[in-house]
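Dropping the structure in here first, questions after.
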Amino acid sequence: MTLPKSLQNREFRSTRWGVLSERLIVISLALCATATVLITIGIIYMLITQSAGFFRSDAVTMSGFLTDTEWTALQSKDLAQAKFGIMPLLSGTFRVTLIAMIISLPLGLITAIYLSEFASAKIRSWLKPTLEIIAGVPTVVLGYFAILVISPSLQLFSDGAFSTFNATSAGIAVGILCLPMVCSLSEDAMRAVPRSLREGAYGLGCTPFETSVKVVVPAALSGIISAFLLAFSRAIGETMVVALAAGTLPTMTLDPTQQAQTMTGFIVEMIKSESEYGTVQYYSLYAVAVTLFTITFLMTLVGQIIRRRFKESYQ
Amino acid sequence: MSSMPDAIVKQDAKYLADNARRRKRFSLWFYFLCVAIALISVVILIFLMASIWSQGHSRLSSDLLTRSHSELEIERSGMWPSILGSLFVCGTCAVVALPLGVGTAVFLEEFQPTNKLLRWIHGFVQLNISNLAGVPSIVYGLLGLTVFVYMFNVFGQIRVNESAGMEIMGYKHFYQVLTLEPGHVVFVPQSDPTKRQTTFDEPFQAVDPDGNSIEISIWTPGTPKPSDPAIRRQTVRAGAIGGTITERSWYYFRLPFDKSFLSAGLTLALVILPIIIISSQESLRGVPSSLREASMGLGATTWQTVRDVCLPAALPGIMTGAILAMGRAIGEAAPILVVMGAAVAKSTGPKHLMDDAVTMPVLIFNWAGRQQDEFKELSAAAIIVLLVVLLLLNSTAIYIRHHVQKAQS
Amino acid sequence: MFLQITSRPMPLDRKRAIGCLALVSSLLVGMVGCGSKSESTSTETAGESNTAVAASNLTGTIKINGSSTVQPIANAVKEEFAKLYPDVTVSVDGKGTGNGFKMFQDKETDISDASRPIKPGEFEACKENGVEFIEIPVAYDGLTIVIHPKNDWVDTLTVDQLKKMFVGGDAAKKWSDVDPSWPDETIEIFAPGTGSGTYDYFREVVIGKSEDALRSDMSLSEDDNVLVDGVAGNPYAIGFFGVAYYEESKDKLKAAKIVNPKDEQAYLPTPENIASGAYAPFSRPLFIYVSTASLPRAEVATFVSYFLENAPNLCERVGYVRLPEEIMQRAMNNLDAENVGTHYIDAEGNSRSGAVADIYQPENLTK
Amino acid sequence: MSSVTPAIDSEQNSDALPDQTLIHIEKLNAWYGDFQAIHDLSLDIPKHKVTAFIGPSGCGKSTLLKWINRMNDVVPGARAKGRLAITGDASNDHVEIDVLDPGLDVVGLRRKVGIVFQKPNPFPKSIYDNVAFGPRLHMKTSKSELDELVEWSLQKAAVWDEVKDRLHGPALGLSGGQQQRLCIARAIAVGPEVLLMDEPCSALDPSSTLAIEDLIFELRTQYTIVIVTHNMQQASRCSDKTAFFFEGRLIEAGPTEQVFTRPQQKQTDDYVRGKFG
């Protein structure tokens, strides 16, 4: 057993070039990471500079923007008659979102409980892909579903009380959209709960229901809350469904049978619209985008922070 | 020693039994509720598919896959250009987002910072990425509009007859002149780039379709008009005006990008970048650190470790994430509406980098809103095509994950 | 790109395009008219060509934006044009008349579609930016007021009734506010966006010259299909848009008869009534505006000539009404002679209004 | 960095030679963040011997081991002060390496100082690729040279006979003991002078442990081996020198026999008798 030639020669590669290329690679990878920061800066810069065109206008006041209850940027060609109060758009957004949450939170949570606590491996292997397929359905398809199926059915069952475009059908479609997200994030949170807790509960004579609802869910609560928040911000930012199904009239009401233009719906409508570029009305879309961005950003931020806290607690 | 508390000593056996039975029953009900609700999602999916299938299956024909949108022959409209368009847009998106996303994930996961400031920056970048994942896609659309389509107007505005922005490569300017032969034009290389049009009174040199130089003669009205088509093709009327046209190679490149598939692809890349980063990070995190130590212990540098050990081990996970992200990109409509507009009457796929395109979701959006029943059905049929594509993508992802889980266990 | 040598019948030269086109286009029009879409049916014109149709080697890109009402016509023309000239890219968008003119002024488009004549302000802006154009009417549209098919109380509408419904802050909220015999239900209104020529035209008819806006609690959408769906979904809804969209959705909607203020008779927006002018005051011409800076480009010249030749037939296929031969002839003359300017604004900068046959006269042309 | 190490293929019995110090540690202090893991530690590790580090958990023995080839570089907040040098000898032209030098070529160091971990950690590749991993990184070798090298390494690690028929099969398909020997083969394929072993047998069953111990005994003729172990019998069975650590300090170091039979310190005595730990 003689020493192999390659070890006798001991001709090793010089490490100098390696060190240099390593540096270059690290720098280029760091640049990749910087890109994400640049994107955030880009978004904020764009929103600020473009919405300045709106907020600088004499027709607009900050307090009016935040408190007025009429939004007629698309309806009023004449700036003097235009009303810029974000409240109706917010109300539309929250109406749709609320309906979506009423659908997706309980359904998503209970499905998650089922998946993590009860379902056999075989059922899981069917149910999980199904949920993933729903998660992968393009939102424009769900929008189509909303105007083609949900809205007519609602009108049929309510004897015409719902208008063609209404907050409910959009909300239901958005709810379907959020369901897989709520479900998979909550399930992750519940699976992270250590087995020992469940064993402890069963050991005390708890039924499966009591174990899951009184032990597992509270233990995973922060994760579940963060799932809710993330789904909430997803619902707020959802665009195509509301553009197709929620209607184009900003309304300040609680009636879910009525049209409800949302912030995203307004942005799409304004982009598609014939309103002239450069007008205050046009720039108002950036003011709406700022509001939208701020709300979703805060939601996600809080959701992320809660999620991180929770993750650390079991590691 | 204290005696046992009363609560334990004075147990009512009947109550206990009832209580246990009640709780068990309740638990059973809850189980059924769970099953029922979990089934709801399956029912929704089946209902969705069924309603779309019943609307659209009659329109699934070769016309749908091979022809383009038509206002005049609605019943024979198709989605071929939109399939090409989606391919190009998502291709661009993948080419940009994948390396960028995986690179960022590698940087964040494998090159852990050593000092406090860097660690803070690291955490900030991390949080920032999670937040970017929550930004509505329409906001990315607006960003794409400002950054890619107009580029803050830094490179000038694109104006017909005047300015094509800052052209960089892949273009040749010609004057296009109508000849005496109807429908036929000859091309004269543009010598002076500032001159947008020119008048021809003297015989001149032009290029034929093969790029060969040909002599073009002038016909003055009043003199006998040549009748041989071959001669007429090489003859123009005195005073004929040549307007500029640009021959664009496929790699035609200019700034700003304007409403091109490139802009749309880059915008979509922004949308899916956070998703790719997060999923790649998760799969890198799944690589056991013992492998890293082993590689480092053998004298590999961090990058060599990443290249030879971590990336290959994390590849299935990264690919799954990337495929799911691409599924999102293919189905995304809002940012594309903002960046490229809602026009769908394009009969081909993009011909050069700066060409616009129609994508499947935008076509569906357009068709779904139309009045004619044909369009409504076509849109359902287009949805079926899109869903089949997505289903293929998703099942690939699920297959990869399943396969790897098995191999690793 | 320049690969095919062809012998497709086409005009020789922009200035004389019309003359040459007379032969060619009669053939093309005939071809389109008889519904034969096969390219092989087109044969050579006498002596001009001896081969069957092959693709032309004409190339280039033409950008069109503007009215969504005109868009179907432009799309139809584009579609037929593309069969003959496959290398010419025509992009047609429908951002609305107002936005179309905005882009036209900024030299972003070659051709602007318009569902109303250019306004003095837009005309001024064009002049300032050095944009000259030729105004070409392409079709008649009957702006159609639509109601739900279940709406059995409205048969005819007068301009005054529309005014009650559409104008001002004290506009009728309920049908019974307009006419006490009508139901006590809220009116839901669907209308085209404020940048559209249709909105402008409607406003001008019911309000007049003043700059007042229509009521602000209407559902507006740039997408006329949304309006159709909106009205079709609510028995108490009303809306208006171009007749083409009504033609597409006749089974879902009902058009209201409009009382002509002159003869007090109510008319439906049928092609005959629109063409004869009986459907007043809501019948209107649609236009394209062509930048003269683009006309020297062979592809634009060819396209515009083709547009003019084929507009009467194609506009009928997408639901509009053809203009009289005589007006089309004047348009051709304007194109041929490159008569720039608009007929709808007088020398003092005031807009003219009236029937297109009266206004679209050479003596009214203002540069 | 090319050097000739004739020592590696010398088959002479190292027991016959006087101790030569290969690794020289003087007043080493090491920290993780604010926690000081090693206090003022001085120790000489002899060449071509097996040195065992023993002591209760958290006593700093693994930390020291990982400092020898700077594996602690990747641990955030880890730092060390003092002197840790790998000294050359007369027959070897390499100069002394100051391990703690921040500018040190860590790659070169780790090539000289291989490491084997507690849990067998083969890469999820084939057996062949596992062994060839290091050589491919560091050397220019032809295919035949690489084959030869892989065979040699596997033979050295006493696992060749078991795997020679499935060299291109997955390494993860081997048993735990085979995997660990594969890891040793992988470490010696780059021709190191020192092999660090961090509790190499603690995750293995008794028969695999025995095989590894035999292997260690074999290998010490050509390599300087440092082994961290919890297992007192193991230390006494296969090491030449033993160092006992307690709470980050070196309590006692000396020939194995002496440490186990005649410890100088009471703590050592208590520990080797199993009174705590």
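The letters A, B, C and D name the chains in turn, as written, and every chain counts its residues from 1.
Here is the rule we go by: contacts are C-beta pairs under 8 Å (C-beta built on N, C-alpha and C of every residue); 3 or more make two chains touch, one makes a residue touch a chain.
Fair warning: this is a prediction, and the values are worked out from it, not measured in the lab.
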Centre-most chain by CA centroid is B
Per contact tally, chains sharing the most pairs are A-B
Subunit A and subunit D have mean C-alpha positions lying a whole-number Å distance apart equal to 52
Cα centre of subunit A to Cα centre of subunit C, whole Å, reads 41
Rounded to the nearest Å, the gap between Cα centres of subunit A and subunit B is 20
Among all residues of subunit A, those touching at least two other chains are 18-19, 147, 272
Where subunit D touches two or more other chains simultaneously, the residues are 107-108, 111, 137-138
Subunit B residues touching 2+ other chains are 301-302, 304, 369
Among line, ring, star, complete and other, the chain touch graph is other
The answer for subunit A against subunit C in the complex is residues 70, 72, 74-78, 81, 83, 147, 151, 155, 160, 163-165, 247-249, 259, 269, 272-277
Subunit B partner, complex, touching residues on subunit C are 1-16, 20, 24, 37, 45, 47-50, 56-61, 63, 72, 75-76, 78-80, 82, 84-85, 91-95, 106-110, 223, 225-226, 228-229, 245, 248-249, 252, 291, 293-294, 296-302, 314, 317-318
Listed in rising order, the residues of subunit B that touch subunit C in the complex are 70-73, 157-162, 176-185, 187, 196-197, 207-209, 227, 229, 233, 236-237, 239-245, 247-248, 341, 343, 345-347, 356, 369-372
In the complex, subunit A touches subunit B at residues 18-19, 21-22, 25-26, 28-30, 32-33, 35-37, 39-40, 42-43, 46-47, 50, 106-107, 110-111, 113-115, 118-119, 127, 129-134, 136-145, 147-149, 176, 179-180, 183, 207-210, 213, 230, 233-234, 236-240, 243-244, 264, 267-268, 271-272, 286, 289, 292-293, 296-297, 299-301, 303-304
Touching subunit D in the complex, subunit A uses residues 1-8, 10-15, 18-19
